[in-house]
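By letter and in written order, the chains are A, B, C and D; residue numbering begins at 1 in each of them.
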Amino acid sequence: MNRRDFFKIVTVSGAAAASGGCQQASETILPLVVPNEQLVPGVASWFSTVCRECPAGCGVIARNREGRVVKLEGNPDHPVNAGALCMRGQASLQGLYHPDRIAGPLVREGSAGLKPTTWDAASKLVSDKLAALKTGGKGRAVAVVTQLENGSLGSMLDRWVQALGARPRVTLEPFAYESIRAANRQTFNRDAIPYYAFEDAEVVLSFGADFIETWLSNVNYARTFARMHSFRDGRAGTFIHVEPRQSLTASNADEWVRNAPGTEGLLALAILKVMVEEGAADKRFGLAVASIDVKRAADESGVGVETIKHIAKVFAHAKPGLAVGGGVSVTGTHATQTQVAINLLNAAAGNVGKTVRFGPDSAYGKVSPYSEVASLAGAMASGEVEVVILGPGVNPAFTMPSGLKLADAIGKVALVVSFANVPDQTSEFAHVVLPSTHWLESWGDYSPREGVVGFMQPTMSPIRDARPMGDTLLQIGRAALGVEEGKGPIPWATFEQYAKGTWTPLIKGDLEGALRRGGVFADVAAASVTAKVVAGEAAAAKLDGDASGLTLLAYPSLRFYDGRSAVSSWLQEAPDTMTQAVWDAWVEISAETAKKLGVVRGDMVSVKSSQGTLELPAYISPTLHPSAVAIPMGHRYTPYQRPRYVAADTGSVNPMGLLPAVADPASGGLAFMSVKVTLTKLGTRRPLAVLQATHDQDDRELAQHVELGAAREQALRGRAPQEPHPTLYDEQKYPGARWGMTIDVDACVGCQACVTSCQAENNVPVVGKASAAYGRQQHWMRLERWAEGKPERPTNLFLPMLCQHCEVAPCEPVCPVYAAYRTEEGLNGQVYNRCVGTRYCGNNCPYHVRRFNWFQYDFPAPLDVQLNPDVTVRQLGVMEKCTMCVQRIIAGKDRAKDEKRPVRDGDILTACQQTCPTQAITFGNLKDEGSAVTKLTHSPRAYHVLEEIGTRPSITYLRKVVRGPHA
Amino acid sequence: MMAKAGVGALGAALLAVLVFLAISSWSRQPAAAAKPSAQPINFPHSVHVGTYKIDCQYCHSDARRSEYAGLPSVERCMGCHKIAAADKPEIKKLAEYHAKKESIPWVRVNKLPEFTYFPHKAHIRAGLKCQGCHGPVETMTTYAADTGPSLTVDLLNLVGFRPAPPPLTMGWCVECHREQNAKNARHAPLDCVICHH
Amino acid sequence: MATETVLGVFAHVDTTVRALEQLRARGYHDLTVYTPLPVHEIEEVLERDRPVSRVRLFTLIGGLTGIASAFILTIWSSMVWGLVTGGKYLVPAGSGMSGSSLPPFFIIAFELMVLFAGFATVIGMVVLGRLPRLSPSASYDPRFTNDRFGVAVHCAPERAAAVHELLRTSGAEEVKSR
Amino acid sequence: MSDSRTTTSPTFADVNRDVLRSLDPPGNLYFAWMCFVALLLAGFFAAWAGQVWWGMGMAGKRVPQMWAMYITTFVFWIGIGHAGTLISAILYLFRARWRTSIYRGAEAMTIFAVMTAGLFPLIHAGRMWFAYFLLPYPNQRFLWPNFRSPLVWDVFAISTYLSVSTVFFIVGLVPDIAALRDASTGWRKRIFSMLALGWEGSDTQWRHYRRAYGLLAALATPLVLSVHSVVSWDFAMALVPGWHSTLFAPFFVDGAIFSGFAMVLILILPMRHFFHLHAYIQDKHLDAMGKLILVTGLVLTYFYICETFTSIYSGEHIEKASLFWKVTATYAWALWTMYFCNCVAPLILFWKRARTSPVILYVVSILVLIGMWFERFNIIVPSLGHDFYPYTWGIYYPSPTDTMIVIGSFSFFFLLFLGFIKLLPSLSIVEVKETIAPPVRDRAHGH
């Protein structure tokens, strides 16, 4: 892709743009026909919208160059994510520019499969069918299924549904947290999911809630968790996590308690019991825990009585604390009881209203429970449903348990209409595909929580012949009803018109401003609620399959959520932080089980449940509870990824294929922990592509930590004076700025957002499984996990590693052609077009952060349209590496020059820093005494990686603050 | 006899150096004029810039705010040419494009390699004249430029001459930056990664 | 004045040496001796009154040129951009030579010294040895590269007879005038 | 004067005859070899072309082993290239007469080995087509190479070495070619008379010739030692544990001589057999070579001990870890092969019979070459595989491409050498004559 083709793209809008974007460098340049003041070629314009990769609904601002979005950033004004974005949000660009995006409407022609057609033909086909049903009085035979749309699209669709007399719209979200709602109904008499104020808690006690990965709103909670937990002027909160498996969230805990799967509720009650006994909680809670015997609880859960007592003590003394519950092993048939127990814990500790806030309730409260989905499936299976309309992002055939037999059910539906814009497992069943615009191309709005409404606007013209679902349905609906535009129950010409109509009360006439801010944000005061104390029951989850088997933990992954993000090759290649594996899926087996089976990493294992079997390579985990086996959800490939990046056919790797359709009776939520499986070794191998050779630092102190006590002491004393480095040579002089960075290992939660952001910003190519497995991944930045202490319960340190921009850089003097050199602003420059490719620098870099272009990596169209025009696309045979986003530095200085002022702290944000939810990364001018980065560089916790080599890096790390056992 | 030989050798060497310097300095002559580019519409810069003294940035209005100088939108061309010289055949062509809502496929004359980042903005801000890089545009009936590396220049360099680097080559950029810094005490960057990143 | 060349072809070293000794004794100094290999004994006789070969002068000049050009090239070219690598400046600011990164240039200097000196030496040899010559000299005989020794005496025609005699008596296989 | 002046030795005429005989039209065996070698060479170029087209990834390199078999083989060939100039220059200065009968072959070997080695920097470069960036040539961008980079030192050291040894070679050839000229007829004569520069062996020519030859030898001597030191600095200047050592220069030079002599034997022994040169390449020559291999081998063993000792004694954790990994882990087999071939195998040469037995010498030489190749492999691949940063530790697997190229480099070398022995006198006619008694009529006047 030629950076300057954007010149052409900007001019030709609409459908033609796609082809324009993919053409190779041509020597003609086209001016705009009509000047567009919003888009100056060569100048970025920003459009704010809302990220729809998951229901968290973070605010996004999209960087538009020459009419094409090239980078996403978090919207700093948005209350949910405050400028941060998770890796999925960053990678949604790959969904937008997905090579497999459906080019236009498709209609199934018998056995020939889906064939291209015109919009009119396709919509006529649908509207005729609808009209027929409507006149036949069989409106109920029409079902509409969408992802969580609680904004104008949702309400419009509901009106549409009424107009056609269809059955109520089902919003399908695999992770719907029904149990939390049900529990809140019981305890607080509110059918809602509250806002959990991590930032105000002193102690967080989590029962399996993976809030750093997928739980409710991962960016929001990771951010607020960091505010509560990371060490700031001598204070740091405590985080205790109870889970059978060491998830990413668990490995961020100061104390990770490994319990037997499903015993979280029991533990919660036991803790409450101790609190009551020790008078740390109100006597009236005694009723709740009357039946609980701490000793028995300890035995069942495999957690020592001492630990329970200790947790109770810590939690009770927190002012305030916060207990949260979620995750697989909590979401069984006993989910509601568990959540009730947790509610009681919060109530007893007096956290309700402080850290558990009803009022700013989460959007998740509006999801239709799984039971409704199940009944719809039943209706489809029984032939009651003749038309089913599936919105984008809805992929039940993949995300619903195979026990539901959804595939068969859909097969029975006469007309399946899909709005998917990238083919997925469900659209395979579709008779008509009416590709919807990607959310980055659409109007709309989404309210992640009460009081917060994020507005969505098209950030660019559609790159494929796609139309907004709203528009298409309005047209079809009217056709079915036989009314023309402006008449009838659904008169609006376009969905945009309807949406803007619904906004008018919110925006008080200032649409411009609202769109610029990204929405309308208001704070909702916490409602006061009273807890109803009921007898807590510690029921165990019902599991089918033979009792001798292992409990299956099918857990949602930070990378793919329920699988809707798996279309992105960036995510496929961004390692899962805990295993550091890319591309393939795996089955996590505890060391004990592995020994019994005699499998090592990469051995193929067949996982058999009552519902079916799955063949996966094994990943041996010393931390997993022996009675459990874990499989990440959401792993799937899209056509273009095979065989380009992975083997031609890897078979299904979807754990939902093992789950029965069991619901938690009390809440009607899907029981994710509902089956026991048996493992058998297959004897074949499929080695995993694991990027990290070892998690053992071998005493090299790459990632360092300090005891909380010591850290406090140092913080008071300040840093010990450093003696200057001995050198024969002159200190380097910096006429202008000297750029530097600090990375707070204590704040880093290992979410990989920085890695993906860097990949998006710097045109870093994707190399595929084989290359990645062979040490040829191209990431300029990597996130390392270093495990310390006992292998079965290690302390994990996360170390973001990128070019250290050493002052005495070993890579520079060995380059024969000055391709690597020291810039006068303290960067370690790499001049691609000068590089000959001797790879001497790569050998000599002790951090091994230099990347070599082993092949000519391509960006299959239209992904090449996403390339950042400010960054060179590297040719084969050249060395590349982190530039500290020199293009952003140049832009920042340019802006400052325009405003005739020196560069200020915060003018320049590197891509990794900008997206970091926990603000672990700080960048700035080390010569500016006032700058944040300078201050942090002098922090007592500051250190350099491999300091003893004397490379004098410009990147300073801050030690992780660890709490000793029972601190 | 030895002494004689030594003197002789020295003299020869000296002569050689002198001859070399002479030819080398002679070889520093400006690049030859380029052949005009074939454009879809015969656009005479000489008339617009030379005769009517239209400011470059009136049409290339992005130069002051963007990496690219930009081209006038067809709309802007028509702004004047609705009336001005509307009867001329070339203008008729323009009108056609405008009517068809098509953009004019101008042939690119100045092009830097992919790995080079050149912002017009900074150079305009520094108050440089467009002609400094783009040549005497006001005299050109059809815009033309002979830019980029040329084999002859490279070969001349190889044998040690110092021909003037052709426009839009690195040596040419660098010379100007150095000159500006030396003469006008400017801070034109000479850092590789400013242009190559 | 016209000279005549008398060539004596010898099969043995000792006879050749004897002939040369006598020629020198009789005052014949304008001799050319052809040998298939450098023979110690013959050189002894010839080199007595000759200066040492001037090839070494060429070598010296070549070597010095090499060193000079190496330092000029390396230092000047590093100063064109003055790029800093590995935190080291080319030119020290204050802290003396220790602050500079010149040492590597001595390697280049050494290599260029050897290179230039080597070439200069060969040129010296060729020039001083009157090489290359296109046609063989009058008195040359192919056997001289095999196993015969030749003594060519350049003398006034009237003395040629005497030389003939001398060469034959001292043991030449064959004596002829050219 | 010299012991080598034996009355039984051949006459000058014999020398010319015998040496020129080696240039007779070759037999079928020779052509068979040529074809085989040429075939391998074709594979070599095919592999290289593929690598240039599809990228460096075709070779098995990766992070952390961004260097592997190419640099290994490069250093190996440079090492081979040392014996020649060593023999012809240093031994010349030391007036070691036994050198005369082998030095011509050795010099040719040197040149061809260095030429082969010279290919590898090109093969190794990611953008081979820009390799000329390493040369200091004036260009319109005012860009110059970084003279602080060991790679640029290499460029200078190797090109100097190649040109000086070539010059040395040619100068040595001139009188012999003259002999050829006088012995041959027709077109050959014309070509040779051009190459011979009209050499006649007159006393003036000999004067300057010998002086020049002496000076060249004097120049070449330090050069030989410098070249492999410079090559060793590619590693010693780097930071990698196991590389960063001042020991490397002498270590490499010794290893180079060691392997160089082995290669000389490998080439000389067949020549002596096929061309019946036993009269000139006598057992005492083999014996001397054997002794040299033995000595250098022992010195090498000493260096191995130093290397190990220093890294243990340093107390440097990373250094020690690297060593321990080399000795015990994935590549241990390579290390132990090396120790056997370079330290144990040569010990047999303590035994005089072994030093004079062509077969044993041949076997030992081959082992030595294998050992020396693995020495370079062990310096590069395992050291990189287990260096500072545990995250990127990894194992390198050769790919078909780099295997083919490494094998092909041998064919490149042998093709050149096979060509040489049939086109030019592989023994120095003049210097061989120097070693035998000049014809003397009556002893009385002789010495």
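Heads up, the rule we're going with is that contacts are C-beta pairs under 8 Å (C-beta built on N, C-alpha and C of every residue); 3 or more make two chains touch, one makes a residue touch a chain.
Note that the coordinates shown come from a computational prediction; the quantities given were computed from them, not determined experimentally.
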| item | value |
| --- | --- |
| Most heavily contacting chain pair (counted by C-beta pairs in contact) | C-D |
| Centroid comparison with chain A (C-alpha atoms), farthest chain | C |
| Whole-Å gap separating chain A and chain B, where each centre is the average of the chain's CA atoms | 49 |
| Intercentroid distance (Cα basis), chain C paired with chain A, Å | 81 |
| Inter-centroid spacing, chain C versus chain B (mean Cα positions, whole Å) | 57 |
| Distance from chain D to chain A - Cα centre to Cα centre, in angstrom | 59 |
| In chain A, residues with contacts to at least two other chains | 810, 813, 815, 818, 821, 834 |
| Touching two or more other chains - residues of chain D | 142-146, 148, 152 |
| Touching two or more other chains - residue numbers and ranges from chain C | 81, 83, 85-86, 88, 101 |
| Chain A residues touching chain C - in the complex, by the definition given at the top | 728-730, 732-733, 806-810, 812-813, 815, 818, 820-822, 952 |
| Complex interface listing, chain A residues touching chain D | 691-694, 696-700, 702, 771, 774-776, 782, 784, 801, 810, 813-818, 834-840, 842-844, 846-848, 851-856, 875-879, 946, 949 |
| Contact set on chain B toward chain A in their complex | 62, 65-68, 70-76, 97-98, 101-108, 111, 113-117, 119, 121-122, 125, 191-194, 196-197 |
| Residues of chain D defined as touching chain A within the complex | 54-57, 61-64, 66-67, 121, 124-128, 130-131, 133-134, 143-146, 148-152, 155, 234, 237-240, 317-318, 321, 384, 387-394 |
| Chain C to chain A touching residues, read off their complex | 81, 83-89, 92-95, 98-99, 101 |
